[in-house]
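In the two assemblies presented below, chain A is common to both, partnered first by chain B and then by chain C.
After this line comes the complex of A and B, so read on.
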């Protein structure tokens, strides 16, 4: 058993060490081996929503902007050398870094950026862009010269600049897209710090230093190897034995404790609240979940506050919150949150209300299947917890877990009754956080298949609102409507714990596991 | 003998056709759609139209018998088709994992033979002594302990005692024999130990039975050295059932090490099997079923050949 003081000591030591790292001069060279706990089905950033694609592909690509992680949520240039935003937020002009080359040698120009963003906002037939809605507000993209790109908006999007820093917007070569719009699924040709070398299916991916990388002095590493380790126990042993030096998604609290106990000061643990919200999604096209009373009853039965205390000990779940990450500027404060359905601290009263609603709906002894994912953290403990919570109001649920692909396919095709779902945000932007709950057709991320004009209207008003205080009021109104209707409701927010060997330097922790994975700044202190 | 081998190989053809028919139609009964899982399984919510287009491209819109005909024609030309998930040839998907799985199976079989035959013989010859009890303890432990659990113990022991772990990515033997050996010997030992426990118990019981046979008594009465009685007369006969067990276990090991592969992070056929089932990748599953069936047929034939080597009374015509 690890005492809290031991962990605190390790964390303190880590912080001190991290402080030292800032002062150290990066060492050049070396091969960095790390674990990736899932294998991407393809290489296309635009059509993916899983970290498995980003942890694989980010080092090979560049984006226009990127998040400046030590100053998060500030952004900095990646391919963009400089940029300007018009006062009315309707025009974004980017000046590109000159002499940037793709891995195949062709020079990067504004035409490549335009082709990329055209593919993102208006994908051709047969191409999937999961960020189509995000860029729907772009009216035109102009390329007055090879190093200038101008985005003209149809409507204001207060968070547009941050969206240009999204790690999913990998810049592809226009020539490649013209030859085959789906080529990025199977072929990697980017301008990132590393060049794709090998993908041994089921085993690993290797990236080698890009000698022509446009940022002087980077990357530090000669090579990296991402090893697919799907089994948490194998990954933990490999981390402990030094076969891999990091895993960038997260380990669970028990894994953290056992690693700290085994490795002591060789290990660095970094923790952060996470921009990932575990949700409960009801398929509103299936009976009896088309009845708001049933959905609301099942949400009311969940003791989120008690769950936070219990589940945070053995899973990556922790904070109670609404649709915006708790602690971030737009999040609903606890005093307001407890007034919303499902968030009261009086769980007995909530459960009595839940039983009454089920009786009214004519399903007091409801039975259904919970569609869940086989990834243990945090899906398994969450599923078990939910089944137990519903048992307390006389509801019987079977927790059925599926591999990632059939799980997501089931969610996307509506082939489920109730599902454990997630909201995976790469930043704390409310337009991103709220978009998942828009009506079916407006949001590809809405798995509940609900249609709600009131939510859509609140979202639109919030999008165009530039006064932060007024935006918060609209966000809270949105949350109230969403939880009253309970199409998709939060369970708990995740907590990120990243374990790396102390020899790994230059990597920056962030609240999103999708950010900071290009490995350009990473070096090995060996 | 040659004629017998040819006959057996010809008999394998209807067996494989039977396997092909059963695997093809059984898989079509299983609920699930590979196209939907493939296109909607990474977060993208594609339209039904796109799904239909992809289904057409993959030939899944054809009548079932036409699909079966295509599959059988492919089989006849040794073309197992393309993986419905990766679009790569099934043979290629299997080949990149088969080398590792085959090597683990061979090494585990060798470990089993090296442990099982001496231990089984020793236990039989020293029946009722402390040696017999120790061997029985070892074999019962081997039978009771799942290979993956032993694998985890091996890994933790290596880490705890030597602060060392085997490599986690596969290096072919012809590229770097040392790296290859240091990676695969541990799973081979974990699997081989369990495998040896079954075989050792078989050798012990068979040897005890054979030692009471008339021909053993006759050999002893003729004054043959005890060592020769055991090795030339008793053991050769006692090994016949053990060879059958070894052979069948070997074929099983090719695709059956699902959990052990995960413990050692091996990219083998077992893992591919599980992945392809969860993705409804029918062509890949069919390809692997055919391959493993082929292995079973070849191994059974090899076992029958070995019977003749060990027992001169058996002659194939």
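After this line comes the complex of A and C, so read on.
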């Protein structure tokens, strides 16, 4: 049903337009209104997994480094003016840009960077850092002068530089953290291109141009307004009518076709594979999901290959893959993937095996509740699909969908049986991709509450391995162990389709909707 | 006077069968709408036998198939048979429609009778509360209740949704039943019951409410239509029943709007089902009022 000709036309127009954009000089001023399809439960980048936080907060904050999106996954400086890495990869030294000020006027120093990374790697009691596992290899952080930060590692992490470019590492003021380590959840004080102006819950967030922004000539916009639009139809209508000029997460294939047909050459469509994976997470602390046979049976029942073909027509779900984005260098190739439990192309045999496992476990007619999210794409199609797949092995699941805040609260507190979860990555490196599956305590992103020393050991070994081929072998061993135990299993990987009005300039497309959202370079060609 | 005489004369002589025939003769539109309601109820109750396909069965090979002998009203974006989903959707609509209308109307009737019986301060307090409730449009009130109560699903039916729809019905029924109950309250048998020392509860439930059955039944029937429409509206807004439960409002939202150009049947047929159900219940309610209310028989 996808009209290939119209899409091709739109993409061609996009490329042609991109060429125009390069040649044009950015126009200053204007107010940019865009849609955000979920509302953040809090403002703290460090403790969040959801784009809802980044699309809200990124424009207010800076990070040490950033991904250079036209050259992705290369990195460039943000607060760091320059940096050096020791040959043994054990020391990272950053020189900070001078005269940077927080929104409240206090100057940024290396102490702020140290306080931020201390909070990320070793959060105080009552503070959640979902990046704890990522920065566990940092040994010490030194601040020899106000503009120099030195990270000394306990162990090698080959992707550490990319981790310093993570959009989640918003730099907070040391003074604010000392006063209240949880203050970033409710208060915004950053060094980003925009200053927080207003958050009307359920309605919008407004950012105003930061006159003291440290990058000369930026930002171009005077103001932006992010409007929360939880209903896909409302967002599409607003985009079509020009009430909003963009939505940076993704639209679905039918939404794309509908918009292209309605708006023609006023619309720009950009597509990419996505570093985002929809997962099925079992609460291993609840019966009968503490039984590996039950978890494995529910994974085996899902026809991922058939689902990929069907769901790619009506949702943002597309590729079949393991824990690393399909097509990226470390991803398990299809020939190997089909040997893993739940990924066989012989779905009838898999389902027979699933029924046998459920009988063995004593729950042949299992009934449970699927904890899901109200965001339509792709959570609703995924819920519909999973319920159907499990019915085929005699299992009854009730799809319960929750708004972002209660959905995340349920996941984090373990108040669910089986959940549609996500692995929201910003790069393909396995040090990030695998960290979600580490034991509870090592990774706060692990919502299955599982503890598995073998997975932890495989992760550690892979992190220390410098030979790329041996590293891939360890990644595949990790995947095999993970899928055999089925604590958290991938459903499908996502496909990103971003629709923007052609008046929106300077925004860069990437495989991650977490990146490039500070809006510093965005301008309006009106 | 003439009206009362006619009613008093005719009623003792009527047998159920002749009453039905009389209703059909006097209210042909009401009778026709009653047939539609019976068909809907039959389809809802015996959905497993009536529906040609399983409403939850996904078939990616048959996505967005147009109406055909195999799929009378086509298929949706998951290849599910929309006719079967409409039939099962009747069950959802009727369960939620009947349950919320019954709860709302019964509670409203009880409050209305209580107001009329006690009068004075009790009447004043309840009626001011009713005034506040009536100042909100019914859909807004339902939205607020859904937002406050959240979801509590049992067997795919959202119990809180039933209450969310029932609550806005209460003030409307209270106001109407109160006005009818005021005349019942003035009847000598109520005074006799009070003189005999019966409790307030007994007088309200045993002596007043049975005499308010006509307005109650009319309101009950009329609000089923409203409840079905509200359920469809809330489901369309994503606040009603959840996928993959077949529900008419839900069938109009999501992929139905995404694919309305390629597959108009996805929205058309559930839309017809909603319209037909609302029309049938409204018309039946009106006919029942004309039939039961002596004032309309003049």
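The working rule: the second predicted complex is superposed on the first by the 524 of 526 C-alpha atoms of A that agree within 3 Å, B and C clash if a C-alpha of one lies under 4 Å from a C-alpha of the other, contacts with A are read in each partner's own complex, and residues count from 1 in each chain.
Following the convention adopted for this analysis, a residue touches a chain if its C-beta (ideal position, glycine included) is under 8 Å from a C-beta of that chain, and two chains touch if they have at least 3 such contacts.
Predicted, not measured: the structure shown is a model, and the values here were computed from it.
Enquirer: Based on the superposition on chain A, does the combination of chain B and chain C result in a clash or a fit?
Expert: Once both complexes are aligned on chain A, chain B and chain C clash.
Enquirer: Please indicate which partner A:231 is in contact with in the superposed arrangement: first for chain B, second for chain C, both, or neither.
Expert: In the superposition, A:231 touches chain B and chain C alike.
Enquirer: Given the touch rule stated above, what does A:252 touch, chain B (first), chain C (second), both, or neither?
Expert: Touch partner of A:252: chain C, not chain B.
Enquirer: Check the residue A:71 against both partner chains and state whether it touches chain B (first), chain C (second), both, or neither.
Expert: So A:71 meets neither chain B nor chain C here.
Enquirer: Quick check on the superposed pair: does A:469 touch chain B, chain C, both, or neither? Answer first, second, both or neither.
Expert: A:469 contacts neither chain B nor chain C.
Enquirer: Among the partners chain B and chain C, which is in contact with a greater number of residues of chain A?
Expert: It is B that touches the greater number of chain A residues.
Enquirer: Should A:310 be classified as contacting the first partner (chain B), the second (chain C), both, or neither?
Expert: In the superposition, A:310 touches chain C alone.
Enquirer: Answer with first, second, both or neither: which of chain B and chain C does A:387 touch in the superposed model?
Expert: In the superposed model, A:387 contacts chain C only, not chain B.
Enquirer: Who does A:409 touch here: chain B (first), chain C (second), both, or neither?
Expert: After superposition on chain A, A:409 lies in contact with chain B alone.
Enquirer: On chain A, which stretch or stretches are contacted by chain B in one complex as well as by chain C in the other?
Expert: Shared contact residues on chain A: 230-231, 233, 402, 406.
Enquirer: Can you list the residues on chain C that touch chain A in the complex?
Expert: For chain C paired with chain A, touching residues are 56-58, 60, 63-64, 77-79, 150-151, 153, 156, 237-238, 242-244, 253-255, 257-259, 261-263.
Enquirer: Can you list the chain A residues touching chain C in their complex?
Expert: Against chain C, the touching part of chain A is residues 1, 230-233, 252, 254-255, 258, 261, 306-307, 309-310, 313-314, 374, 376, 380-381, 383-385, 387-388, 391, 398-402, 406.
Enquirer: Residues of chain B touching chain A in their complex?
Expert: The contact residues of chain B facing chain A are 32, 36-46, 50, 53, 85-86, 93, 96-97, 152, 155-156, 158-159, 163-165, 167-170, 262-265, 267, 271-272, 275, 278-280.
Enquirer: Which residues of chain A touch chain B in their complex?
Expert: 40-42, 47-50, 53, 125-126, 128, 130, 200-204, 225, 227, 229-231, 233-234, 237-238, 240-244, 402-409, 411-413, 444-445
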